[in-house]
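See below for the structure under consideration.
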Amino acid sequence: MIDIVFLVISVVTIFSSLMVVRAKKLVHSAIYLAGALIGTAGLFILLKAEFIAWVQVLVYVGAVVTLILFTIMLTRKGEEE
Amino acid sequence: MSYGLLAPEIILTIVGLVIILLGLLITDKSKNMIGYFGAAGLVVALGYVLKTMTAEGSFFYNALVIDPLSQIFKLIFLIVSLMVVIASISYFKDNRNQDEYYALILLSTVGMMVVASANDLVALFVGFELASMSTYVLAGFEKKNPASLEAALKYFIIGSLSSALMLFGMSLVYGVTGSTNIPVIIEFFKTNPMMATNSLDIIAMIFLVAGFGFKMALVPFHMWAPDTYEGSPSVVSSLLAAGSKKMGFVAAFRVLVLALVAIRIDIQMTFAILAVITMTYGNIVAISQRSIKRMLAYSSIAQAGYISLAFVVMTQMSVAGGVLLALGHALMKGGAFIAVALVGYMVLSDNRNAKNLDDIGNFAGLGKRAPITAFSLLVFFLALAGIPPSAGFIGKFVLFYSITIEAVAQASNWLLLVVIIAILNSALSIYYYARVIRYMYVLPPNGEKIKEPTPYVVAILLAVIGTIGIGIYPEPFIQMAMNAASVLGV
Amino acid sequence: MFSDYAALIVLLPVIAFVLTLFLGKKLPHGGAYLPIAAIAGSFIISLGTFLEIYPTDGIVQQSMPWFAGMNLGILIDPLAVVMLMMVSFVSLLIHIYAVGYMSHDPAKPRYFAETSLFTAAMLSVILSDNILQFFISWELVGLCSFLLIGFWYHKPSAAAAAKKAFLVTRVGDVMFLAGIVLLYVNMSEIITSRAFSVGPENFILQFKTMFEAIPLINPTQLTYITLLFFGGAIGKSGQFPLHGWLPDAMEGPTTVSALIHAATMVTAGVYLVARTFPMFAATPATLSAGVPDSLLIVAYVGGFTALFAATMGLVMNDIKRVLAYSTVSQLGYMMLALGTAGAVVGAQAVGISMFHLISHAFFKALLFLCAGSVIHAVGTNDIREMGGLFGKMKITGTTMFIAALALAGIGIPFINIGTAGFFSKDMIIEKAFEYGELKGDFIPYAFAIIAALLTSIYIFRLWFMAFTGKPRSERHSHESPGVMTRPLMILALFALFFGFAHLGFYDYLNKNFELMTGEKAALEGESLQMSPIIVLLPVIVGVLGLLISYAIYHRRMLDMSKLVSTQNPLYKLLLNRYYEPKIGADIIGVKLTHDVVAQSGEFVDRKIIDGLVIDNIIGNTLFKLGEFVRKLQTGVVQNYASVTILGIGLLIIILRIKFGGT
Amino acid sequence: MAALISLMIAIPLLGAIITFLTRTREQARSIALLTSGLSLVISLILFSRFDSSISTIQFGESYPWIASLGVSLKFGLDGIGMPLVLLSNIVIPLTVLFAWGETKQANQFYGLILLELVGVLGVFTSLDFFVFYIFWEIVLIPMYFLISIWGGPRKDYSAIKFFIYTHVASLVMLLAIFSLYFNAWQVSGVPNFDMFYLLKNYSVIESPLLKDAIFLALLFGFLVKMPAVPFHTWLPDAHVEAPTAGSVILAALLLKMGGYGLFRVILPILPFSGSPGKLISLMAIIGVLSILYGTFLALAQRDLKKMVAYSSISHMGYVTLGAAALIPLSVSGAMFQQFSHGLITAVLFMSCGVIQHSAGTRIIHDLGGIAKHMPKLAFLMLAGFLASLGLPGMSGFIAEFLILVNSYFTLPTFVILALFGIVFTAGYHLWAMQRAVFGTYNEKLGHIHDGADYGIASMAILVLLIIFFGLNPNPVLTMMTTNANQLLNFVVLRGVIT
Amino acid sequence: MSLYTYLLISAIIFAIGAYGIITQRSGIKILMCIELLLNSANLNLVAFSSFNGNATGQVFAIFSIAIAAAEAAIGFAILVALFRVRDTINLDNINILRW
């Protein structure tokens, strides 16, 4: 059971990471980044580091990704990408 | 447990925070006083470090230690910061945001000092990042200047990449040894020599080399340095080249030297190749530069190459030589960048809209236009080229000499070859220094004599006195460096 | 009493040199009286010394240590004292003459200073008691000749001649120096290995020490040493093949020519061989039985030069050039005497040679001064433009005729009446014959007798062309002033009567080397009874030459235009001096040395060592490399990151390969 | 007074600093002349108190400096150093006097000259290898400036070439010093940079290869400075472009540092090197090569100054040859050649300077007959040229004579080769005189003036000294011989020569 | 789930991040890739911490997350500032400093 969960989470994480790079639109990249980070948080939970997982979600997903989205908004000019 | 020995860090942190607070309260006009305040804080900290040069202590569960190695590097960082701050009093005169500037300088200095004292990978990382992040901002401090921002961006990207690499390396080290405390790590490696063939160790070490090498600007982790030094405000370049760079060295001394000795990997050759490539690359590329800052950046890379020779043989003498050269280089390069800042000021006072402030053409006739600056630059250049009596000479002397000793002791021809290449390199470097000297003293000036602003002059003369002083009376400094090296027990 | 002050013989003219050089401008006649007084002083001391040592057969030796085991010293033995008297006396007369001759020259002070130094140097050569001091003085003589030949330095030909004189004699000097090097090495080996004593009074390069060590020196080495010395003498005395500088040296003032070519410089070479004669005589005989090798070579070189130079004397048109070749030729006789007579009568040869040297000094100085007087009067050197001068210049004409007689060696044999040259030259020719009889080698004799005929022809050709016939130029000519003619008359007296001193002279000089070393130095040959024809022959050829010249140049009995034309290859060869200036100066001096060797050296230096290695390979390559590597810094940050990551990858791979592991 | 040597070095140093700070030309040159004159006085005092009969160090001084490296400030003089100290102190005041009329940045000009004096005095007196090296390097800097500020058209190229070339050589030498130091340290366990101590311990090194490597590195350092063919190409360029004062100092003093190194460092260790025979041959070959090559190259030059520069190479070849011969008198001859060449070459370069100044050119073909308008110069120049071509009665002859005569014992072939050079040496000197000074006056030059009085005066003093030491070399030669004998005691003991 | 599985995942993420940094042109994307790198390091730390049985790794990870956030803030601030003066964040065009 744990194995399957682990497998799913890791596949999601790796896929999301890959899509961060491969996505055409910056916004999609940012969403995938959030996915990858959350996936990692999942792995943290599997590693019995629940506190770190929470910090990860709060700080990364909550703060960093938001920051990224803001930046994308601020640096968008016309019909870029 | 008394935290007295950490007083310099504490003082600087408080002064930095007070400066931010002051910035909110006082008028833009009176902000020009903040620089003096910062300088005063640095002087106090410096005095304290000088007083405790030989002190020993350890704090926060052995995460920070005070020992001769940490003290001599703190000395370097504080002197550089002091020079930079004093020079900035002129450079950022009437700048509305100078409160932030000084606060950042002080905080980055604290970061560097933490690295110097770090006895734990966590503390090391935190200090590293503190210093780095402050300097990212400082590099881009001229927000209207595309070059400054570009410099900051490049610095930031390569810097974060390196931090990530370093962190990754640290995580591997932690994984292998189960601890982040450096002495424990070393002990672990010592008692488990079988691990030496474990590729995780090697990968970890290389990641650490990459992380520190970024700060040291070793080839191939140097690419950011010329661009950043060129684009940043000259005083910040001074801080980067003279101070922040040394942070990489102290970290490398703390971790790498010991770890490598402990792992007993014979990576002499690898380091030798890195060092040789670094110095040769730096010197060769420096020859054809027209921008003085860029030239100084490449020369800085070359100097990093010399200093990293200390890792090749890793004897007490060689580490002492590396420390001495680091000290000397901090003074020489820091002073040189500040002098370049002064030239930029001079050019701007000729023509407010001048571009390419650091173009070599602006140095024509500097000997007449700004005699103190020109003379100081002359001293710095000759010292960088290793001409006695100067700090550069003493450092190189001890360093090259320690390697020759090893070469003779090991009857190793290639080590001797390394020294010869290093020596030829240092001769080659004269070529581009002399070019600037020629501009300063031989070519006719293209402007009137200027009055050199006192803060700049004070900062530069500080460096000149240090450079020549170490050259003339090197004994205490050699002792200090030897003590520092003895901490490592190599 | 005089001998105690022997050092003053040299020092007086030196002092005069310094004083004249700095004060001459302020003194009347350019300070001419200073050197005259000084040289007169030298002459008086020389004479006084002679009078002191002659009766007692004494010699004067004074020596003091100099540097590195060398010494400075004075040696006055018979050989030296006669030379001293001759040199100081002739030099004195020439100086007096010069007061008149140079009266119009603005650079008189320099002239008198230089001649004074020149005399001092020559006197120092004579006085030296060691070979090093000898060499130093010898070189100073060369220097002064350089200065004096180039006295009118603004004339390019004079500057060139001065340079040539110095360089050609320098070739000889280097050989001389090499000889000294070799001698020194041998001497010091003898001293260290064979317990040969050298004390504080007995220095390594002193003649006395050298002569004592002769038996200990390796004979082959001795031959080398003496031949190298002779090389020096060849240069200084203008012997073949280093004779070329001497005729060119006529570019200086005529008084200088008189001083250099009559009395002093050129005789130094002969004096060198005479001075070191015991060494020459001690060389082994390998080339010809019974004749020491070095003497044989001296004889041949001297004999050949005597003839060779005389042939060129026949065709020269410059009055001074004729005399110059005559000098070369006569010096050849002196060398010949040292060689041939040395082989048969040993050290007596020195006396024979020196007697000719001194008599030659008188008549040749006279010839030059007369020539000077003529030139002074007609303003040209070319004898083709002179003629009929005898009517206007009786004193000059007469004295010059006397000198010519002396040069041709005219006299009456058997009753021993004749000019100085008669005694001295006939003795040499007779000894050459004796040598031929004893050693079965008549070649030197043939050289000598043919040269004697030619000598007579060319000198009377000169006299007849200048003083008889119709004047060939419009120039008003007149007799020279008294200050010039009086020395002529004095010299003429010597040229006429000096010969009668020959027996005493030979006796005195024969003792020379015994006095110095205290032992008999060389072999003694028994005198040969000569047939009358041999005794008469030299005079016969002399008179014959006079008659031929009279016939051709005075009476015009033969038309010479066929012979004397550039169509005649022989004439052309002679007129071009056997192409010696061309070969020596142009081909060896300029083409080979300068254009080929030096320029190719320059090429190697600038283009290869400097250009290729330093600038191109090291300098440019580094710069180009810098320019290339610089481009790697693209300014694009992703590339930077790539380099970083690639670098890490590379490091990992390297270390993995090196250490393996999992 | 104990600290005479350090006083002698300190006075010009102080003078240099003051000179830099002066504002007017008069002040600058007076202070320069005064301080260099004071230094001369001290050196004369030293000279008069010097005992020529002993070979040990006299007037020794020692102050602690960098204890951890075993460096101390040791100064002292012996027969090797004393004459050169005297020479330096003679040449520098005369150079200042010669350059009395300098107007361009006069304070810097005279200050740099004084700094040169400090440097060479330091080199010739220091007995600690570290200190020796420091002075050795210091000398480069003022010379670099003298060439690059006051130099001719290609001064940049020449100055940098001079600097890098000689600097590389010094660094190679530094490597050898390291090895010596380390070796001595291993022997005693105490760090010590004392020169004699390091040299004494050279023989302890085991590997013959390493010994030779150290030897060659040191030799290279000195030969470049001398300079010897084929490491000479920096010299003609530097000389041609340098101002007269710079050329004088360069040729008269800086080149002597190389020769000094031969006597001070090379000869004591030569017998203990791995293959002494080969190294001696090497030195002899380089010496003779320099003599002949320098001569022929001088023959090819069109520029008077360049010709003199090549003649320097040729003359310094005698020093190498004499040193390589390892005979006491050849070695002292070589030392004397250094002293004598210092005086002679100064006159030659001053002559070139005066001609350049007056006639505006130094190209021999463009000159001609200048004796007409410059009689004093022509006279002194002639004297210098004659001294340079080895005319007896002048100091050059004594030196060359001693070298040639004594080197013949051990190196006969080389001496014979060297003798060939003599004729050509005379050749180019006289050729230049004939073309440039004598002959018809070249009217294209316009009306030119004779040299200024101070220049002529300093040249005249030098000529007098040349003649004085040519007639009486003993004042310096005796002390040289004493030390040469002591140096070669080693050699004989070692059996390198018998 | 052995330690090496986690290390493998971390290595893969690291590789992807590195790949992104090399290939991408947008400054923002590169910053995101750097976050990925840091993330992989954090994963390492936590994994090691968990398998080594001591909490130091987790502590380290917390520090690193906090620092990464701060770093990101600075990075984006620089990007925005640069955008204001250069009107682009395409890093290929940001190369006035070179050679």
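For this structure, a couple of remarks:
Per-chain residue numbering starts at 1, and chain names A, B, C, D and E are given in the order in which the chains are listed.
Rule of thumb we're sticking to: a residue touches a chain if its C-beta (ideal position, glycine included) is under 8 Å from a C-beta of that chain, and two chains touch if they have at least 3 such contacts.
Just so you know, these numbers come straight off a predicted model, no measurement behind them.
Hopping across touching chains, the smallest step count from chain A to chain B is 2. The chain with its C-alpha centre at the largest distance from the centre of chain C is A. Among the chains present, the centre nearest to the common Cα mean is that of D. A comparison of the C-E and C-D interfaces places the larger number of contacting C-beta pairs at C-D. With respect to chain D, maximal separation of chain centres occurs for A (centres as means of Cα atoms). Averaged C-alpha coordinates give centres for chain A and chain C that are 107 Å from one another. Centre-to-centre separation of chain D and chain E, using mean CA positions: 64 Å. Look at where the CA atoms of chain A average out and do the same for chain E: the two points lie 12 Å apart.
The centroid of the Cα atoms in chain B and the matching centroid in chain C are 77 Å apart. Residue positions of chain A touching 2 or more other chains: none. Each of residues 630, 633, 635, 637, 641, 645 in chain C touches at least two other chains.
Chain contacts: chain D has no residue touching two or more partner chains.
Contact annotation for chain pairs lists A-E, B-C, B-D, B-E, C-D, C-E, with touch applied as defined.
Within the complex formed with chain B, the chain C residues making contact are 622-623, 625-627, 629-630, 633, 635, 637, 639-641, 643-648, 650-652, 654-656, 658-662. Put simply, chain C touches chain E in their complex at residues 630-631, 633-638, 641-642, 645. Across the complex, chain D is touched by residues 382, 387-389, 393, 397-398, 400-401, 404-405, 408-409, 411, 416, 419-420, 423-424, 426-428, 430-431, 434-435, 437-438, 441-442, 473-475, 478-479, 482 of chain B. Of all the residues in chain D, the ones that touch chain C in their complex are 161, 165, 230, 233, 236-237, 293, 296-297, 299-301, 329, 332-333, 369, 371-372, 386, 391-393, 397-398, 401-402, 404-405, 408-409, 415-416, 419-420, 422-424, 426-427, 430-431, 433-434, 437-441, 472-474, 477, 481. Only residues 153-154, 157-158, 161-162, 165, 196-199, 202-203, 206-207, 209-210, 214, 219-221, 223-224, 226-227, 265, 267, 270, 281, 284-289, 428 of chain B touch chain C when the two sit together in their complex.
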